[in-house]
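Given below, in the form of structure tokens, are the structures.
Both of the next two complexes hold subunit A, though its partner changes from subunit B to subunit C.
What follows is the complex of A and B.
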């Protein structure tokens, strides 16, 4: 690379795309959030009205609570399940590659299809889950899984975890592949059993994979709206109305562009704070362990 | 058999059972797609009584399936070509030296990677409406290009960084311009990176439904997932239409996945780890 101008010319197309599709829109969203823009005409300045509304109505803190609960369930279950399966597969080379690919299959499917499929599985009338429970004599447990506020969010969380556990498993397996073989050998020679090796040798060395998995699934789950959008539309009684779903419905159901923008800004700030805190905490944990 | 062997066998059987349980929803989807609505209502867990294709015929007739597949494939190809060119072009100087400007650019790319779609989607919708890119192939291709570009830049920076510089030095001694070096020396080596990248692009174009849902309204321009979404939604989730639509919607990607599974799993995992 000879000159600074040449470098700039190489980066120019990408710069334009990033400016037009990220920088300018983020600035515009910030601006809209202080207006009552409805998508037509010129936006009227509305001061902090939109943010006042978010703070003063219980609907939005409720949506935030749903989002956080959903994220906590998904991240915890998915990380633990992925870690458990990867640890098993690490010890079972004969089935490792097959199982890794097979478990990854749901991640190849679209939220649209996963949403409809599970919606039908949970369906109260001819759905697979209730039929299965009845056939094994657990008829008392059958219910409208997505129609009951106490189970709807968990039901969606299970569909989400089902979709991405194979992905988490694959990342943990990549972490296992980075553990030097002689460390494992030394552990075996010292007479450590499988559980001891996992707890004292492998888990500390997997710290970077834990960081990646937790951060990816947290950020991905915080901003997801697809499964509730398809499976419940936020119902019953707001039990599955996440903040992202609220944004999409304000945008394209109600055309409240200004208000939706202020919700997006709140969401963006939350995502940034969570990512920052997690990064600091988990990286710190990595340093302590190595 | 030793104790160790017995434990390994039990473990293998357990893993295979676990895989089976995880795949039950996919198997269920395929089996149900061959049953009529009445059969499913009468016995939700029953097996198909034969290879009943009526559902598929109905679905294919009313879903505009092949048109949507052609749209998805065309958009994927266009996005891949643009993203590969723009991304590798920007990545080349970044991979060779980083100064303050380069680092600022990397920060910008990271911002693009981390921004949730709904933060930028309202302005993009408004801008597209102003310049006539709503309901337009060019518009949706540009939007998907922007979504994939940050990842592409990171991808190529890592890949080009691992290419030895000797070749470039030789070309420069022959008085090639920087662009000629890029085009004749670097670009031909990018094949494997571009192949993996194209899998990412394909996954996103095929499966994403936020962007096409908002930017496309003409059924002739729909991608596959929007067709599935509109089709199933319009029919009140009836199983004899839902399941064949779901199978048709996922089948092409699942076939590609079976063929390229090792490359896809390691590519997606590596993309996450970097």
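What follows is the complex of A and C.
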């Protein structure tokens, strides 16, 4: 058997799995996005009607705006928080392993548990956050966090950040472990204090970890629907209605398989574009750094 | 530049003491080499001087200033690491400027110092390159340049040539020696390579298990070692040791009988108070076997290494002891598998107490 045939044979199982579970569903979704398929019966070709609907109704660009805002908040806060905690733990080796495990625990929980937990914390009556504010004399700040359109998205973003900061921290700590101890020591010998070492040496050398964290959290957050679905069902007044939530509602609520497919394709294109741009930018930064 | 004094320096990791009360003086401008086998504490001692390891007890002073617990950057030392420890995201110029930049030195002054160091180390053509675009030797030169620009009182080198290939190592060895002459700086150099130690040092400090075994000039240690460890560690190939017993005593010393050399009797000069029957070890260096020597013995040769100008003949005994190594020059070199007569002068033989390992002078 030629080496080329052997290679193909070894690749075949993976190619079959990819074709059946990845290429075929995407191709099918793409096809449905041009139909008015309802899940039963024969799909009728509808041309660009679904896409026209997405563009012409303010509801969907609005959902896209919410998704992007949610992603921006989560990625920024989660990356910065993860970096801060990892930097702190890097300097506290005695508690590093315990803290890493403890911080990672929320990421292992189900979204349902996290959703209900934070729903309780944000509850307007006897909720943990309002109780805390009242106890420290900040009663004026208490509100229905998930019922107020101006705070609902931020409230969910915080829950999301809480859930995944441990994950981000673990990736940054792995990045720290890859920085040779000699470089830190050389910095110390040259008189760099802790902050200078972080800024001039550690942060540039953490570039690969920044890339991984930003990419993973961006893609993960763009697709998210779980916490908005559990905590607010997209409300109040659409303030937390993300694109994924729209897809779920159209698919399993209204049985608009065709329309949900077109929304899915739009989301797929957005995720690919964002991932591509981020990858190009962050990889470029990594090359520049090493 | 400055002298360095260490007084009763002790290093403990929890209950484990790894450096046991080191006393050492290194003069201004001296090139001092710490040498010893792996785990002897030479790097730990260097790191204690640098401030990268806390000194548990004792005192370290540089230029008369107690720096025992001072921050690394405030000790007036610069260190060159085995792995170079260059900042991979910075260019050569940025690497060399970093310490001065964060120290708040003026830009023109930084540029002047960096350019001067680059000129000394012939790095001018590489200043805008990043470390990944440099060879091992060039990287090491950048690491040295980074140390030079800070104008430290003491330079510390932690096995700086270990990651280089043999040819480059020789080249860099010469370069560091030249740099020492040029800068006249106090330098402390850690190595396990005794060729580096012998060729570069003004003073060698031989360490074993966290203790100083002997301090002295390279030739001093080679010719007049204090104990079996130093005698065996300094010199390549290593010194031959023959177990023996004192069989006679006379005014100038004792006569020792060596079973390994066919019970040959060797008169050795010593003032040490010894008795007949005392267990001693006689040390003879491979190059001290000389056809004109007055002591003769027969040895079976099992391996001969011919290096061109010189050959080393190995004679292995049945008792798993290290082989006797004999250096041969000129013609009539021994053949593998034969027996040869070897001669040496009794004056070349060094006498050691077998039990304590100490030299008997």
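Here is the rule we use: the second predicted complex is superposed on the first by the 273 of 290 C-alpha atoms of A that agree within 3 Å, B and C clash if a C-alpha of one lies under 4 Å from a C-alpha of the other, contacts with A are read in each partner's own complex, and residues count from 1 in each chain.
In this section, a residue touches a chain if its C-beta (ideal position, glycine included) is under 8 Å from a C-beta of that chain, and two chains touch if they have at least 3 such contacts.
This one's a predicted model, so the numbers in the text were calculated from it and none came from an experiment.
Bringing the complexes onto one copy of subunit A puts subunit B beside subunit C with no clash. In the superposed model, A:32 lies in contact with subunit B only, and not with subunit C. After overlaying the two complexes on the shared chain, residue contacts for A:282 are found with neither subunit B nor subunit C. For the superposed model, the angle subtended at the Cα centre of subunit A by subunit B and subunit C works out to 80 degrees in steps of 10. Of the two partner chains, neither subunit B nor subunit C is touched by A:68. Of the two partner chains placed by the overlay, only subunit C lies in contact with A:192; subunit B stays clear of it. More residues of subunit A are touched by B (comparison of subunit B with subunit C).
Once chain A of one complex is fitted onto chain A of the other, the partner contacts of A:133 are absent, as it touches neither subunit B nor subunit C.
Of all C-alpha pairs spanning subunit B and subunit C in the superposed arrangement, the closest lie 9 Å apart.
Overlap of the subunit B and subunit C interfaces on subunit A: none, as no residue is touched by both.
By the touch criterion stated above, subunit A contacts subunit C in their complex at residues 180, 182-183, 185-192, 196, 200-201, 204-205, 207, 288-290. The residues of subunit C lying in touch with subunit A in their complex are 50-52, 71-74, 77-79, 81-89, 98-99, 102-103, 130, 132, 146, 150. Residue ranges of subunit B in contact with subunit A, taken from their complex: 8, 11-12, 14-16, 18-19, 22-23, 25-26, 28-29, 40-41, 43-45, 85-87, 89-90, 92-94, 96-97, 101-102, 105, 108-109, 111-112, 114-124, 126-127, 142-143, 145-147, 149-150, 153, 178-179, 182, 203, 206-210, 213-214, 225, 228-229, 232, 237, 239, 242-243, 246, 249-250, 253-254, 257, 261-262, 264-266, 268-270, 272-273. On subunit A, the positions that touch subunit B within their shared complex are 1-2, 4, 6-7, 10-11, 13-15, 17-18, 20-26, 28-29, 32, 39, 85, 88-89, 91-92, 94-95, 97-113, 116-121, 123, 125-128, 130-132, 135, 162, 165-167, 170-171, 173-174, 212, 216, 219, 223, 225-226, 230, 244, 247-248, 251-252, 257, 260-261, 264-265, 267-268, 271-272, 275.
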